[in-house]
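After this come two complexes, each holding chain A, first together with chain B and then together with chain C.
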Partner chain A sequence: MSGQHTPLPYWVIAPFLGGSGTLWWGVLAWGVIGAALTAALVHSRDRRWWGGALAGLVTGGAGGVLLLAPLWFVLMPLLDRRCQRCGALSVATAAACSRCGAEFTERGWAETLSGLANNVARVVITLELALIAGGIVLELSGKDALNTYRVLFEWGLGTPRARANSLLAATPLILTGLGTAIAFRAGIFNVGVEGSLYMGALAAAWVGFTFTDVPGLLLIALAFAVAAVAGGLWGLVPGYLKARLRVDEVVTTIMLNYVAIEFTSYMVQSGPFFVPGMANAMSKTIAKQAQLPRLIKGSQFNATFFLALVCVVVVLLIMTRTRLGYETRLIGDNPLFARWSGVLVGATILQVMFLSGALGGLAGAGQVLGVHYNFTARFSRGFGFDGLTIALLARNSPVGVLIGALLFGALRSGGTTIELFTDVPIDLVDVVQALIIFFVAVDLNLDFLSRRRRAAQPQEPVATPAA
Partner chain B sequence: MTLLRMTGITKYYPGVVANDGIDFEVEEGEIHALVGENGAGKSTLMKVLYGMEKADAGQIYLHDQPVNIPNPQAAIRLGIDMVHQHFELVPSMTVAENVALGHEPRRGLFVDRAAMLERVRALSEQFGLRVDPAAVVADLSVGEQQRVEILKLLYRNARLLILDEPSAVLTPQEVDDLFAVLRRLVAEGRTAILITHKLREVMAVCDRATVLRHGRVVGTVRVAETQPETIARMMVGRELEVIRRTQTQPPGEPVLVVHNLHVRDDRDLPAVRGVSFTVHAGEIVGLAGVEGNGQRELVEALVGLRAVETGEVVLMHQPVTEAGNRRRRALGMAIIPEDRTRQGLSAPSTLTENLVATRYHRPPYSRNGILALRPMRAFAQQAIRQFDIRVRGPNVRVRTLSGGNAQKVVVARELAEVPRVLIAAQPTRGLDVGATQFVHGELLRLRQAGTGILLISADLDELLALADRLLVIFEGQLVGEMTPETATRERLGLLMAGRGVAAEVESVSQG
Partner chain C sequence: MDWVNLAAATLRISTPLLMVGMAGLLSYQVGLINIALEGMMLGGAFAGVVIGYEAGSTWLGVLGATLIGAALGALFALAVITLRANLIVSGLALNFLATGGTAYLMDILYDQSGTLAPQGLQKLPVVQLPLIEDIPTLGRIVSGHSPLVYVSWVLVPLTAIFLYRTVVGGHIRAVGEHAEAARTAGISVRRMQYLALILGGALCGLAGAHLSLGDLPLFREKMTNDRGFIALAAVYFAAARPGWTALACLLFGFFEALQFRLQLQKTSVPNEFLQMLPYVMVVLALVVISVRKEWRKGW
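Take a look at the complex of A and B:
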């Protein structure tokens, strides 16, 4: 090893260091975009550009200073790595000692930290860019973009009731997001969580209005369990076709969604669950004791949300601590390798698809037991498909799904009020969501590029000469 | 006279000095070997010369004039051109179309096909590159495709040709043809740089050799005045003991018996056609053959990843013809797959995850479906020590490892417990001398310990040094069986090319 260089001060080289360099730029972008947004918001209120510019500078600068300064001047020096061999200090992101060249054997804190911060920054920046692009669309169509956004945020997050409604809207999205993410992680492009959601919802409603003698908690647990099994079995259909007959799951899951939606509609419109004299296509109301209580006045917010939180933890544990999770990650990362190592790939696909569908089933049951108290035909507003977007945005990380679902929930819940207070159609929310998907796609591509660049580099420091 | 001079070439990658003040000179009209282990900096130096990478320091002179090469187009304009390891040809187009691609002779708006064919034919005759300009590339053998690549360079008027490991995909006879072409090139006033780590090739065809190690020049030697051992020592920086099978040991019980095996390939064509052989405990059976003669399908059938059409596979006295990979592994089979990066490893996963992939499902690595992370980590640390894997720790991603180190991960996983049967497919392909030696040593250690080994290799030196018995496969059939003592490179080469089949089959049926 050679090339002794005078190390430049840390804050100079920070932007150019691998992983944490990305973080630096991420935070910078965050600050700049934050500044621009604030400037625009202030401008819309008092129509004075200098005021907006000033406020923007302050917030953007604050973002930069608050986030960057501690990171680079306080935190990072604390994380300096001491070489085991010669005792010299190296910067936190270094892979090898700057004096004697000995490689560090443990993953540094800086790597973990910057990885985490990178993910947060990525989600936030994606959302910011989508909002800006949506704003441009609004302005071009002659609407007041900033006022629209103000309404959106106020009714998404402004009051306790608004926040409860946002959590309520997020609840099914957490579950469908998890269900999609777990399949994606195994490399299975399961688009069929929506179908599982319908099957689960119908099953939960059936339990709810059939076993009316069963006491409350038991009935609720039973309804959720049956819904999970129903959703899981529905997921097993494309899972079996893929694992045993190598049928492409994208096609089957899309088509089975229609089957599930039409089948459940038939069941309540003219089938066995048809209720005579009911104007709308819905089933009987579920037993009183099966109805989850509303926890916040003026909102339908209910305990399903906490079930969803538990599911986040459970999925996280499954993915990191169980044999199934390991198999899932392995066939997602390299199915050929998994096969050559003796992993039972088909069995893993079946288990993953069952789990994926079961989570969709739980999402459906939550809507029945906590919101509608019956099964209504075509009740889902694309929960399964929102879950797909969220899983992509979160890169299949359970915690990421939670964050993404909360953001989407706020957007959805705020969006419903837009039509009441502005002349903007609710479709705006769909536009913003579409833009988020768009920016997620762009981001994935950028990621692909940087991965290629990394792959092009020689992979490892030259081995130390043999003694 | 000096054609090319590179001085003080230095190239940093994050955390690595790939080239450290390299001085490199090539004379006009010579074949110059650039040798060194993987990661020594050969490819980086040539990427700098070809304009694919920008050096952090240093200067390139062509005919003593300083030149600036910011991209491959500039290199090509200066007459510097490269044949890459992976060919860049359009399979559906003809030889002439591939050669002229982007520089077609034109008549008005249209490509002048007659002129194009004529020019390519003239070039191929001038340099002795035998290939039909009108043939479609998809129909050509690998050796012929390589000739098309070289023609492409000559068509673009390359004066200095860089060939990156050109012999890796060729049969011994094709390598000889390539050497003839190289000599012809030089006779016609061209110059060639040959990137390689095979000493035999350096000795056979090169005028001078520059040896790199750890990003620096160890020295430049005249091949005619140098012993191969000297160059080997320069490459690895220490004496190399040639590893080979020492004493013969009586074969033990049969551990792998294959009887009249027929297997079809992905296009549903017969790939393995009636193969029978037996591997005994404590024996290395070498399977020689040019790639694409059914070895891949045979291996996949043996490890339980490809359906057998007819025939029988018996592993440790158990019929396993229908059994999956996990069952065969449970009976004591280990596998070093041919494609290290895709079949042998999962690049995005960590070292630990890769090392436990064949044992995670049994105690102590997991119980009742729950992973035991601590034993997994301990196993990884133990493997890192035992097999000398040079990494920062068990949590690094395997994608960051070099070829030799990555193969050590595969070997560590498969050989951590002594298997009863080992299927080793091209276990040293692309590895440098040191890593190859390591793998060979491990194979012999296992043989000693009583493992029955099937070694599939395209490297005759490897087979001759290690195998107790040699089988030759050609178009899915075993066309010869011999001991290393009775085998010669020539005889093997002919069998591998499908010549002399009749005579060998006779001798097999008699034996």
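Take a look at the complex of A and C:
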């Protein structure tokens, strides 16, 4: 401590200081502490220390202890369930009473919450794993990984403006993520949200520059509604093919994406919406009163974000509280069983595909009404595919989609700056995304929070391709 | 319209489709839908240029592309078979990895973005078939392509012979037909699946090499242009029979060649619709297959 003022033990603050050599030690120290902490906690509650140790090591490395410790200290004791027969307390995630062995039958709010925590933890951990792997890629290619990530996070989350931009980037991803998730729930591997997004965007732009006499709020509502219908109808195409003709949806949705992209480009490039004298392939600007105002200075952040939040709640309610949601889950789990229990599988598939496409359409409308103020050919930077990644990451839980989209938005928004401020190519973000999907696909058995889930969840494919 | 040129272009464009089609066919026959064809092909195309340039030999580039393709196939197999990952999800992941990874490596290794055309890298030599070259029209169509074009023609009957006339090929088909039964008969399902995916990867790598070394020696980002999916559709279309798959690949190749011609000719049909054509064809093909299947079942 000679001459140097160090208020805290060095390893505590090391992750937040400069100098890359020592940083790794700080990260490592946090990891070890996280591992010990979570291992001890889990051991005392669940007697499965290694799962906690692994999770702690992984999350601790990036400061995730801060996230997980409160969860265990505060949340979990609150969620203890009392046995109906003997009155003993068991951990919230227990399947049966720890003293007398009576099985818990009801699915209480405790389980719902722990399931939620599980989803949050999975999203965070998978993203962190991917970032760590990305860091290794960076170090191998001779770049300063920590500096890159510092720039990434600074420009993703550092300032109010950066945060607004991240929320802006997250907005379409929430919607496309929800759209993909709701289809995945039904066991439909819909890769076609991107196409619906284009159709919705074009429809919103058409409403926006055609009905210029309609007053503001009404026009905006109309544009969103028409976009949702357009996106939904586009989603119905593969939906119908699957429901009626049993055409495998994976390849058709991928192909129909390109059809939608080409079709919408045609509409503004040489078709009916072509504007003579415009250099780029874009439509007319939408009416002034339809342009969503920018809510934060220096960012294009707009009200679509709140619409997306509403959609999260609506989709959550549809999935958990309605007949459609129930039937969707039935079909997703076992189509044959669903059919024999009287679910009209074809009709449900159509409804789900319409909803899925409609959410994609809303995402496209949000970009038109809030960001571009017109329809530009090929404007999407893979929002649909990001949504797919997020839905996979969140295992189709709407709240998980929200969290995943927020993190992904920060990654995308910050990612655009790394090329400006470091010598790392922006394609790194794509590599990280690929790693995320890989980790999700391989399913690293991160269900350490719930014993029952792990036992009951065999490695099932999300959707079985029709041979 | 110049029909001779169109026919020659069809052959050239069909070549990667044929190779990738055979790759997709192998994995289809072993019971796995291979979404990752695209990524393996892109990886091969990139490896072809890089290895060819670094080694100073185009042929070594072709070899490297094949090996990298096989390695990607092995990676895919590892995820899908050993780690039991979802087939489609990991296929998409591999495609992402190839797209992002090639662009990233291009920037890291050569400080280039978009296109990589190393100085001094030769394209594959043009082969003039002896005798056939002198036949008036046929010679102009069939002769004078890159050697990989002819390799692709040989690969189709080779695949057919491999699948239908060898023991290993029989085992592969048995696994695809009924994995449980194959296992009971003492066939290692995992080994056959690994074999099919790795062989398929090698074929995709070779196809990639044709794209990056066959015509102009350069690599472009996303240069495979969804050929993987089109080839996959051809496989579906032909229910994974080698001859029919090849025919479907030729058909798709013809449409692409035709589309290029029509684009140049400034027809009244907008460009975008021509570009849509292969994708619409794929969807229609899938619909036709399904309808036919349903008809056979009698609704």
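One rule holds in what follows: the second predicted complex is superposed on the first by the 327 of 467 C-alpha atoms of A that agree within 3 Å, B and C clash if a C-alpha of one lies under 4 Å from a C-alpha of the other, contacts with A are read in each partner's own complex, and residues count from 1 in each chain.
FYI, a contact is a pair of C-beta atoms (placed from the backbone, for glycine too) under 8 Å apart; a residue touches a chain by one contact, two chains touch by 3 or more.
Fair warning: this is a prediction, and the values are worked out from it, not measured in the lab.
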Contacts of A:I437 with chain B and chain C, given as first, second, both or neither: second
Touching partner for A:F274 - first (chain B), second (chain C), both, neither: neither
Partner chain in contact with A:F421 - chain B first, chain C second, else both or neither: neither
Partner chain in contact with A:E262 - chain B first, chain C second, else both or neither: second
Contacts of A:L336 with chain B and chain C, given as first, second, both or neither: first
Contacts of A:F153 with chain B and chain C, given as first, second, both or neither: neither
Contacts of A:L245 with chain B and chain C, given as first, second, both or neither: second
Overlapping contact positions on chain A, where the chain C interface meets the chain B interface: 459, 461-463, 465
Chain C-touching residues of chain A, taken from the complex the two chains share: 137, 141-142, 189, 191, 241, 245-248, 250-252, 254-256, 258-259, 262-263, 265-266, 269-271, 385, 388, 392, 425, 427-431, 433-435, 437-438, 440-443, 459, 461-463, 465, 467
Residue numbers on chain B that touch chain A, as the complex places them: 10, 12-18, 20, 39-41, 43-44, 214-215, 236-238, 303, 305, 324-326, 328-329, 335, 337, 342-349, 353, 357-358, 360-361, 366, 369-371, 373, 390, 392-393, 395-396, 399-402, 405, 434
Complex contact set, residues of chain C against chain A: 31, 33, 35, 79, 83-90, 92-94, 96-97, 99-101, 103-104, 107-108, 113, 226, 229, 232-233, 236, 270-273, 275-276, 279-280, 282-283, 286-287, 289-291, 293-294
Chain B-touching residues of chain A, taken from the complex the two chains share: 1-3, 17-18, 94-96, 103-107, 321-326, 329-330, 333-334, 336-344, 455, 457-466
